[in-house]
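The structures considered in this document are given below.
Two complexes are shown next, each including chain A; its partner changes from chain B in the first to chain C in the second.
This part shows the complex of A and B:
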């Protein structure tokens, strides 16, 4: 099985009201492709969390989603400030989100933990001042 | 469920249809295409929400329902008036006038749907206390919403409250009680729903959650209303029977937020209007709400009073309901210890993947790549002139083998332009006998034509 479908998205960093559009588009595609509801849900939530993070912390970036019948791979890449302490960031409840987004109900410190929880594999590569790349895989 | 024969209440009067694009653009499940100058409903996708009926400027979309004369088919007939009916009349301050008028009209008994609604509310409160259902619980009362979830939101099916809509419970209880009281066989009793809603017609003919509906006929409020008015004038308030037995909770079910408020729980959300409903369902799917206990969704705005079979302006009707319930007790109907079996779904709901491209994911992926390719080549105006609601929908139709890329009028125009360009090249062509030597360079190019 080498069939693969790749979707790419630019995530604009300057418009918070558009955050979540990419994950919503992926969800729609996966439904039409006939993936099972639980797989779709896990991809949609993990990607949504990652996408929101890119907008809140990193002024946007790009997302590539590779779909095969066996797995969905997501790569979220930004040129933001980088994560100082990944271990700390992975802790539930730890957040550096600014107040303006907290008032919208974000910034509960559950983004990264949820991404880990809903995916089968997750890798974070981050360099301070350069950017962060999060790779996630959901097996079908 | 694949053996569904897909009865629909929403149908087309093709004489009146002008083949315009109003309905195709409004349909929440992209279930309409214009072919040969007429709208066609893709029955597997239609959820009977009635949006196309509302939006059609030519009144070509209509709801089918039973005529009021259907009542004569039954030896005994019981009217099941929806709470929305109460909101249709001017200067009415007593529900009993409507119910007595229904008896004068020829019904043998009346059972208010709002009574059953209070029982459903009671059952819901009990089930929420037991805490076994996945949260948030989504109301099952609006048949268009249940059908929408069934075709578009598979992961939310388990969140649907597994209780029958009030009118179904009302039909069951009404027949049982009448049969016992009058000592007549249930088979001779007809339960006739006076409905604001086209989707309820479908819900009766092709029920979800129940094997066979106990409702025998569905008549439209819009047909009953003018016939009921003269009888209402006849009702003598001195001698009228005390027939109404509903409280605020039951009557409030007629408008959006009523069912949710009846749960006496702060953590609820109520949305109405099919586009708003879809937005809420999408956010629910992404688990964007936390600590939400109950979600009430109505395809019509603002709730059942906005159904396509009503006569009064929906917002006026809502105000009238508010006035009518003002001095009513909170509720008049309560369940005994256990949830009555009549209130529960007989059969579980199942996902119907009508939007899926193929059963084989690999094949579906190939098809989707093709859809993306075709979409990218289309104009992106979503003009609807091809008969599909958007460029992407046309691309999907092409891949499903239901349309051709050339159906796009922009593509057609491009073809014509290139044809004209080809022809224009001959414009400058001068045959050799008339050609001057300096023209030769340019003419050579044309010679190939």
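This part shows the complex of A and C:
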């Protein structure tokens, strides 16, 4: 596989039970392509946390994943409320998620820090009232 | 130990995935907070939790876990059983509480696994 393989997904915003379907599909595809398990897990976890965020905070969005032998690039884009203070949002334990999300096992303020931890590069672009785009790269 | 050993130590009832009881497990994680599972564990093979929703199965799947134990007799839903089946995962339930269930497995040699830093 020398060229770029691109996968795109729509993330529905109204159904928490479906959050993670895109990440699961990407994980499966990377496995078929023969990437090593550690790389696959890093991509899967980072994208899954991002996908959960899109459902919790932004009423869904879309995800594009570019796969090459050297790197996996993920771009998660939403039209949600935007992040007021990115630095604060990156702190472990800081969360603006509602209580009902916590009862589902998320919303502990670990999502963005986890995404940063598992990826080699991560960039957040956000505008209040317009939306947020998170770009992440995992090197193989 | 194997998944079957986990079952007998916890006097657990297998809900689905009988076919995978002979799989080896070395480490486990007990948590109701899925982001913590995703953050602090590496190479864990068993998840013990009191949380019951589809994201529990997805989280375990992302982590390549082979078995989920629901504590205090919690019952996984049909959708959870279906997804776990697709992923070749064992679901079981025990009447034990979280602390006791984790303690019994730890005492029997199952470890907490490596904590990843940074």
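The rule is short, and it goes like this: the second predicted complex is superposed on the first by the 138 of 140 C-alpha atoms of A that agree within 3 Å, B and C clash if a C-alpha of one lies under 4 Å from a C-alpha of the other, contacts with A are read in each partner's own complex, and residues count from 1 in each chain.
Going forward, a contact is a pair of C-beta atoms (placed from the backbone, for glycine too) under 8 Å apart; a residue touches a chain by one contact, two chains touch by 3 or more.
What you are looking at is a predicted structure, and each value in this text was computed from that prediction instead of being measured.
In the superposed pair of complexes, A:24 makes contact with chain B and with chain C alike. In the superposition on chain A, A:45 contacts both chain B and chain C.
In the overlay built on the shared chain, the residue A:119 is in contact with neither chain B nor chain C. When the shared chain is aligned, chain B comes close enough to touch A:33, but chain C does not.
Using the contact criterion defined above for the overlaid structures, shared-chain residue A:69 touches chain B, although it does not reach chain C. When the shared chain is aligned, no partner comes close enough to touch A:53: not chain B, not chain C. Legend: residue contacts after superposition of the two complexes on their common chain; A:3 is shown touching chain B, with no touch to chain C. Contacts of A:104 after superposition on the shared chain: chain C is touched, whereas chain B is not. In the superposition on chain A, the residues of chain A contacting both chain B and chain C are 20, 23-24, 27, 37, 41, 44-45, 48.
Within the complex formed with chain C, the chain A residues making contact are 16-17, 19-20, 23-24, 27, 37, 41, 44-45, 48-49, 52, 104-108, 110-111, 113-114, 117. Within the complex formed with chain B, the chain A residues making contact are 1, 3, 5, 20, 23-24, 27, 29, 31-35, 37-38, 40-41, 44-45, 48, 67, 69, 140. Contact residues of chain C toward chain A in the complex are 32-36, 38-39, 51, 53-56, 58-59, 61-64, 79, 116, 118. Against chain A, in their complex, chain B makes its touches with residues 152, 154-155, 282, 285-287, 351, 353, 355-359, 361-362, 364-366, 368-369.
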